[in-house]
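The structure under discussion appears below in the form of structure tokens.
Chain naming follows the written order as A, B, C and D, and within any one chain the residues start at number 1.
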Amino acid sequence: MDRIKVGVVGATGYSGAELVRLLLSHPGVELVFATSEQQAGKSLRQALPHLGGPHDLRLQLRPLDPAALAGEAEVVFLCLPHGVSMDAVEVFLEGGCRVIDLGADFRFRDPAVYKAWYAKPHARPDLLSEAVYGLPELHRNLLSGPGAGTAPGTRARLVANPGCYPTGAILALAPLVTRGLIERNTIIVDSKSGVSGGGRAPKLDFHFPECNENIKAYRVGRHQHTPEIEQELSRLSAEPVTLTFTPHLVPMTRGILTVAYGTLARPLDTRGILACFREDYRAEPFIRVLDQEEFPETKHVAGTNRCHLGARVDTRTGRVVVVTAIDNLLKGAAGQAVQNLNVLLGLPETTGLAGLQAYWP
Amino acid sequence: MDRIKVGVVGATGYSGAELVRLLLSHPGVELVFATSEQQAGKSLRQALPHLGGPHDLRLQLRPLDPAALAGEAEVVFLCLPHGVSMDAVEVFLEGGCRVIDLGADFRFRDPAVYKAWYAKPHARPDLLSEAVYGLPELHRNLLSGPGAGTAPGTRARLVANPGCYPTGAILALAPLVTRGLIERNTIIVDSKSGVSGGGRAPKLDFHFPECNENIKAYRVGRHQHTPEIEQELSRLSAEPVTLTFTPHLVPMTRGILTVAYGTLARPLDTRGILACFREDYRAEPFIRVLDQEEFPETKHVAGTNRCHLGARVDTRTGRVVVVTAIDNLLKGAAGQAVQNLNVLLGLPETTGLAGLQAYWP
Amino acid sequence: MDRIKVGVVGATGYSGAELVRLLLSHPGVELVFATSEQQAGKSLRQALPHLGGPHDLRLQLRPLDPAALAGEAEVVFLCLPHGVSMDAVEVFLEGGCRVIDLGADFRFRDPAVYKAWYAKPHARPDLLSEAVYGLPELHRNLLSGPGAGTAPGTRARLVANPGCYPTGAILALAPLVTRGLIERNTIIVDSKSGVSGGGRAPKLDFHFPECNENIKAYRVGRHQHTPEIEQELSRLSAEPVTLTFTPHLVPMTRGILTVAYGTLARPLDTRGILACFREDYRAEPFIRVLDQEEFPETKHVAGTNRCHLGARVDTRTGRVVVVTAIDNLLKGAAGQAVQNLNVLLGLPETTGLAGLQAYWP
Amino acid sequence: MDRIKVGVVGATGYSGAELVRLLLSHPGVELVFATSEQQAGKSLRQALPHLGGPHDLRLQLRPLDPAALAGEAEVVFLCLPHGVSMDAVEVFLEGGCRVIDLGADFRFRDPAVYKAWYAKPHARPDLLSEAVYGLPELHRNLLSGPGAGTAPGTRARLVANPGCYPTGAILALAPLVTRGLIERNTIIVDSKSGVSGGGRAPKLDFHFPECNENIKAYRVGRHQHTPEIEQELSRLSAEPVTLTFTPHLVPMTRGILTVAYGTLARPLDTRGILACFREDYRAEPFIRVLDQEEFPETKHVAGTNRCHLGARVDTRTGRVVVVTAIDNLLKGAAGQAVQNLNVLLGLPETTGLAGLQAYWP
């Protein structure tokens, strides 16, 4: 099989660097370009000295010039700050590329939601209906199949890769919401993220002495990932879902632990809840449903594209508690982007991802 | 004023070592004994090499022999594993000491609750009614005043120092529960603790390579601090409070961040919620209510006896979110024990505690 | 090619778990047994929940019974506490296995050195002359070729996998000592290790609150890895090498940074020193010699079998400073053991190792 | 006694914030101003939310205007970037203030050294001869006594507070160099610092995901603290001392561990070496010489102004190894500055410092 040519825009941020790493060892693709504004001119080996292995690391980083780059790759990954993707997307799409955007710009169906939570109007609302929310466990068919994109029978042109928090939260709740097992207005999502989720640009919040030996909640009740979780859960529910979301910054580099709470709509025990998850996720290569009284730890999934999931019914209060752990840079970003790529290309979904092994200890 | 003679049982665990540190610089007391089973015979200076300052560190650690020790001190602090305090308490009380127990054995009014959550029957249920739950912000009068202990007019003989998680949770919720502002069966408490909360005995869970760069939830829905929080909130409420509690282990040494959620019983905005906290906590020397859109960080309180508190109404969902931060070893253990001591002795509540300064950065 | 059957003794310690991980994805071998005293009966999936990927994780951990196990594998890896390997080695060798011992028992040629530094007599001094010190960069020929083991033409039967510190130190110094470029009695090795180097058994030294936010030197001038470094450098030198070695415990999980100092025997600049390293290590797949003014970081090699090396001549003092970084569990233990396996089996040395990617960020 | 009026320039960096904390509880001084360019207008309470205690935190941060501020305080502490102090110093001195400069600008006696290591000419070489290198354990007399400053009988006007690394290194070596016990050209200093040593300005090097779970050496053989250590040791020695210095960045917030190596000029055992340290440091309130086979840990001194010191003679190599631990922000910066202040003011040297207690665990 010919390798598909792919490019990465923003290759020296954390998500971009992870994408480069994954794509270099992906048997179905060839990385033909990688961009970096600050490090253009350096080779991958110079800019990302942790990379190694049998790969050719001489590829030189380039500045972002969508018009020039569009002709070189069939699939382009965008790792750009929110709000910046909009323009680049257009040029790449017009140049015939498929685009997998790791930013937030195309995750919403409703431009008003984008405007409300990102504090600016959407520049390309026309593309929102075309974009597919790339959580393969939910939207595999939209990505690859007849329902995707502009016309029946075509594959998606524009994939909006989910946010890191939404990935952990939606996977924790989808089987329950779909079945109507939890009262839809009782959902609370309390998530804890490693610092790499804040990106690679130095800021006081992520300065080692400030966040080491510290934990804090931030943007309580107003984090921009809230509507993303709500949108996807609402699609699975008979009625709109509104929820409370609290993210935290934890003194570790990688990983998100999400704890989701909801009041059961009807009596069910832990065994029954876990059975629902097993049913829905049985064939999912990246989801592991744990046994009763087992709960996930971020360290067991760091470095992988997996999501570990545990659940328990608190019979005293009639609530279910679901816990998921993911690696925010992999299943929460670059790994999921490659999973989306595989679906787009019709490859086995684990291609280039199955070999990832956890960073343990 | 003569210094009151005090002793610490279990002085080389984390809570005990903190107590020793605080008591050495407390102007109202004299530390006359400190015990350690494993390090008996060593001096404080040898066993706790971080101690310094102008203090005499030659005091020699002794093995625990309540009968022998009871005559030496007027107040004894017990830092013993749960279930072990029961016997020691009896001997010290009979020897005429007042006891401040940092363990869980005397925190419950109902021995059936103890049995249900600690998996063994209580050995001294008769003492439970006498013991005062030592959260001074709630029970100052019981500790010092006419209502305390066995008879009017006496001070408490036996103080059950609160658990670390309950301290953060109860302070987050008491003003709201007292006023009936949240629907009493909608409360969820999601807490994140540093590893020192697990004590000093080496265990795999707290082995550096296992918990570094990792976060996990544990004892989901069945942690033994749950009924302690419920007991105290129920005392403030017209009807019993039942809640869901999830503790987490965070890769840092000190600190607990607690996020408490509840559905508002009537419409109220963030300003109104904060006004309630300010009203109740105005005179509290160790509670700082933050401004709107400010939320606490554990690093701002580590090393102190303070509790920082922030809150926000999530108007979209009708819920209030309250966040507290404490140092689990101080306001969550040794600091609060000294605060209780001060109340017992009729000293200003900040004696020996006001000078504590935060471990920042 | 038929896969070679291999077994791992002590599979739930850190080195053993890493070996299991590497061997499961090694194309030339089949893992036929793995032992664990404490977790015998559990499957790999249960005991090591971080493992995943496409592998079959149903293999059940067994207790150590060398006589029974010897017949099942052609190569056995021993991850046992120092002093315990001696007996197991004998049984496995007699059963016809080749043994790669990750412990210290067979690293010394002189049993008197073992006794002096490990405080007990060696039980099998007869095997010491047969054992090959498995640092492939130095002793590849002894492992695979005519010079190895008891008779010309055979491959080594018993490989003593180097200690973690010695690996980093010897690689830093071998090219210089071989060439007589540093005065042989001026060498100082100052190493800094992550906590996983202390193993998985919980101890107070490795208890999170004790070693987090802390650094200390330990066993100053008397660490048992000292004679191991000296033995290997002395083999490369005209005269015996004696040196000062100081290890440190650093608050991170993985990685060793080694800084080696020596006085230059004749004037040479940084460029000249680096040229020596490049010459010797040009064909080494796991050693990367950095450019001038570049120095290694453990984070760039964590998760890999690589050693990064930087050097600088301090012309003011006439000293050379060489810095190496390795992952203590990989190039310092399990990865190097697999590298040795590959040499033994005549496989390309990077088999099963080239795909390892760094844990960054 | 009237409180002396003091001011802090650069009060929201780490050293400045620590100074503010110390000065607020110092019984001999009154903090009359504190400056911050970025946070001018905020109160101490707003800008430094970790501060608490009984202190008045309403003092408002001001922009730096030396001419206006000089008249307000008798002693001014400068916490400014290197190279920036020079100008401010002049104005404050002319305004009649004494200045304690925490930067490097006035640490060197020879302007050529400054120029060589700081890559720019010194703007005020005339002041270098007046400035006193403020390591009280060495230069107490110069600070307070007849030999200090411009004229006999006066106290120092300008104190150059030592660098963090030099403090740990000089204290480790001074008694040995003074006595000629180590061959003066065999000294190697290998130091390991927490990240707060890099200051509070966000940079990629100190971005949490970059330095967490990582250790590296930096500026090998060319760190600007090298000549500072050499200058002070040379003053104690018959002949100039030149040495090799290697600093490291360790994934913790506070603390410096320094290991100093030197070849003994004559045979001496560990007991003899420790006796020298005990003799010189017997009366030092902030230095604790440990027993044989005890070595310091940064965690035992973090939060204090202490230096712990251990040593061992490596009889095999004829070398002595000395290890010191300090808190880089206290004994390595703000604490030492207050110690200098006390000497200047003729106060007991522990004033405002004795009560500091270690950040343990």
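Here are a few things to note about the model shown:
As a convention for this text, contacts are C-beta pairs under 8 Å (C-beta built on N, C-alpha and C of every residue); 3 or more make two chains touch, one makes a residue touch a chain.
Model, not experiment: these values are computed from the prediction.
Comparing chain pairs B-D and B-C, the larger number of C-beta contacts belongs to B-D.
A straight line joining the Cα centres of chain A and chain B is 40 Å long.
Rounded to whole angstrom units, the spacing between the C-alpha centres of chain B and chain C is 47. Averaging C-alpha coordinates per chain places the centre of chain B 37 Å away from that of chain D. Residue positions of chain D touching 2 or more other chains, listed in rising order: 14, 194, 196, 200, 209, 212-213, 251-254, 297, 299, 359, 361. Contact topology of the protein chains: fully connected, every pair of chains touching.
Contact residues of chain D toward chain B in the complex are 14, 17, 21, 25, 49-54, 196, 200, 212-213, 253-254, 288, 297, 299-301, 303-304, 306, 308, 329, 350, 354-361.
Every residue of chain D that touches chain A in the complex is listed here, in rising order: 14, 194-196, 200, 202-204, 206-209, 211-213, 251-253. Chain contact summary for the complex, chain C toward chain D: residues 185-186, 188, 190, 192, 194, 209-210, 212-218, 220-221, 242-244, 246, 248, 250-255, 257, 259, 261, 295-299, 302, 310, 312-314, 316-317, 319, 321, 323, 325, 359, 361.
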